[in-house]
């Protein structure tokens, strides 16, 4: 079955507006990236919105939830701004079941030479095919479960909130 | 534990020689790609050789086998030319056990604007963290087990040799 | 004799700050561009400031004037934000004599894939070698004398203020 | 009046063939480069041939001569492989008069990230607007008259055959 990609905007898809010198949203680069990646799994791309994740409101998240529930696919990638990616993941976790959902994004816009976006899309596409049903964030070459991830605003790096305890003490 | 990346060359790392107009190998671009990807899993890169996979001989493959067996890591990515990637995968499958090994490469050199290499590295890094021990080829956004993969030379696309039988015989 | 390049900032040299999502100045890309261009004329690069041209004050322009007068070279390129490039050109025109000075910039930062900056540098380098002493703006593949140029803010295109009258009628 | 650009091929326009791993010619990138450069002078692009300049024969050069003579424009840029650029320049010099003709090319294909091609186009466009009638080669940020230029095959750099004598001795 096809993999569904929902676009919500974020740094990933920002363009440079040469008239006013601001970054803005025009169209998603996902179709161009899909072509360039030469993927053979069938991929369906739908743009839900094109916004900064700091501007995402609860109504926007409800829309994403509904789209995930209504999608016929059970493997879903969501491109999303990094700042509130973990928030949307936690909203989805309570309301969508039986699907593997990967949220991903980029620290640098795809159109910048140094962007991590194309790499991140590769990670997300691989994780969505191999992880069991659940909601995950994929950034920095890793995946995180929705309930144990945050973006470190100072470093720009995604990290776990709680470190796994390597040796569970027993008997105490 | 760290992820090991072994470099063997292939299209991935080809450069343009401006003196003679030929493509050639200089140095691997993997360290630059790792930096750009902002990965947090620890990654160790070792260049084993820098050759076209059509020039790879059995001695070269023995070297790769030995390096995989001697590596302390049990998650290994091998960058490799696409033409004989499946051959090397089958050699590794018989001689390395208990490790997840992903072979990947690129159809277009990383230094070309349209390269698939950075995306493929993302896929490989995700698959090596999620697939069970075994030898796999990752290209075109998919993974293939070593015993059921070939490169279609006419299309440049990796595909399964045997299609999975969708309807298992009934009545037996 | 060498060609002098003075850096003042502008869109040309803007980078993307991945922590706060803003465009900012880090270091000039000119040395990298010079290497990539494979130019053989000797080129000396000096960074005078790294600012938006809308933030440029009269003291900044005095500094540029002084640097142009003090430079031993008589061929000078100045990289500059596009918004007030014509203003700086007119200040220079009254205060620097006997030198060919070309102001240039970019509509899109060099680090964006679609930047015009590298092309514009080529134009500026060619114009500075062929035009007589004077102060010029070079953008959009053309050169303009300092007293007949403006940036059209709506289109982002540089244009003449006064059209040359092609056929001056006399005697009729 | 418009500037005419004649395409003849060369490194400039080479693409990577992902099926056989060879460099080849598909279509010229000039229209894309013209758009990206945001030039306002009117530019007309015509593809005459798409070949390596080492494969260029006298018939091909006759075709170029005829096209230059028949063009209504008197400012002409010719994109050309670097290896025999000087040969074509010398053929043109004897057979086209009253026009400014600039031959240029690239050491690295435009589609490679490190290409000098876009810069070289900027130089050529500026030189064609400022140099008097004659045939010139523009590479490495300079221009050369047709009768005093060669490509140094070892360094890949264009240079003068005869150095200008800086102090002409008099009286001896």
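Every chain is named by a letter (A, B, C and D) in the order it is written, and numbering of its residues begins at 1.
The rule is short, and it goes like this: contacts are C-beta pairs under 8 Å (C-beta built on N, C-alpha and C of every residue); 3 or more make two chains touch, one makes a residue touch a chain.
Here the structure is a predicted model, which is why all the values come from computation and not from measurement.
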Neighbouring chains common to chain A and chain C, by label: none
Most remote chain, CA-based centroid, reference being chain B: C
Copy-to-copy rotation for chain A and chain D - C-alpha atoms, rounded to a multiple of 5°: 180
Chain B and chain C, separation of their C-alpha mean positions in angstrom: 46
Between chain B and chain D, centroid-to-centroid distance (C-alpha), Å: 40
Separation of chain C from chain D, taking each centre as the mean of its C-alpha atoms, in whole Å: 25
Two or more partner chains touched - positions in chain B: 107, 113-114, 156
Graph class of chain-chain contacts, one of line, ring, star, complete, other: ring
Every chain pair in contact, whichever chains are involved: A-B, A-C, B-D, C-D
Residue ranges of chain A in contact with chain C within the complex: 11, 16, 18-19, 21, 23, 52, 107-109, 111-114, 153-156
Chain A residues touching chain B - in the complex, by the definition given at the top: 33, 36-41, 107, 114-116, 118-127, 129-131, 138-143, 156-159
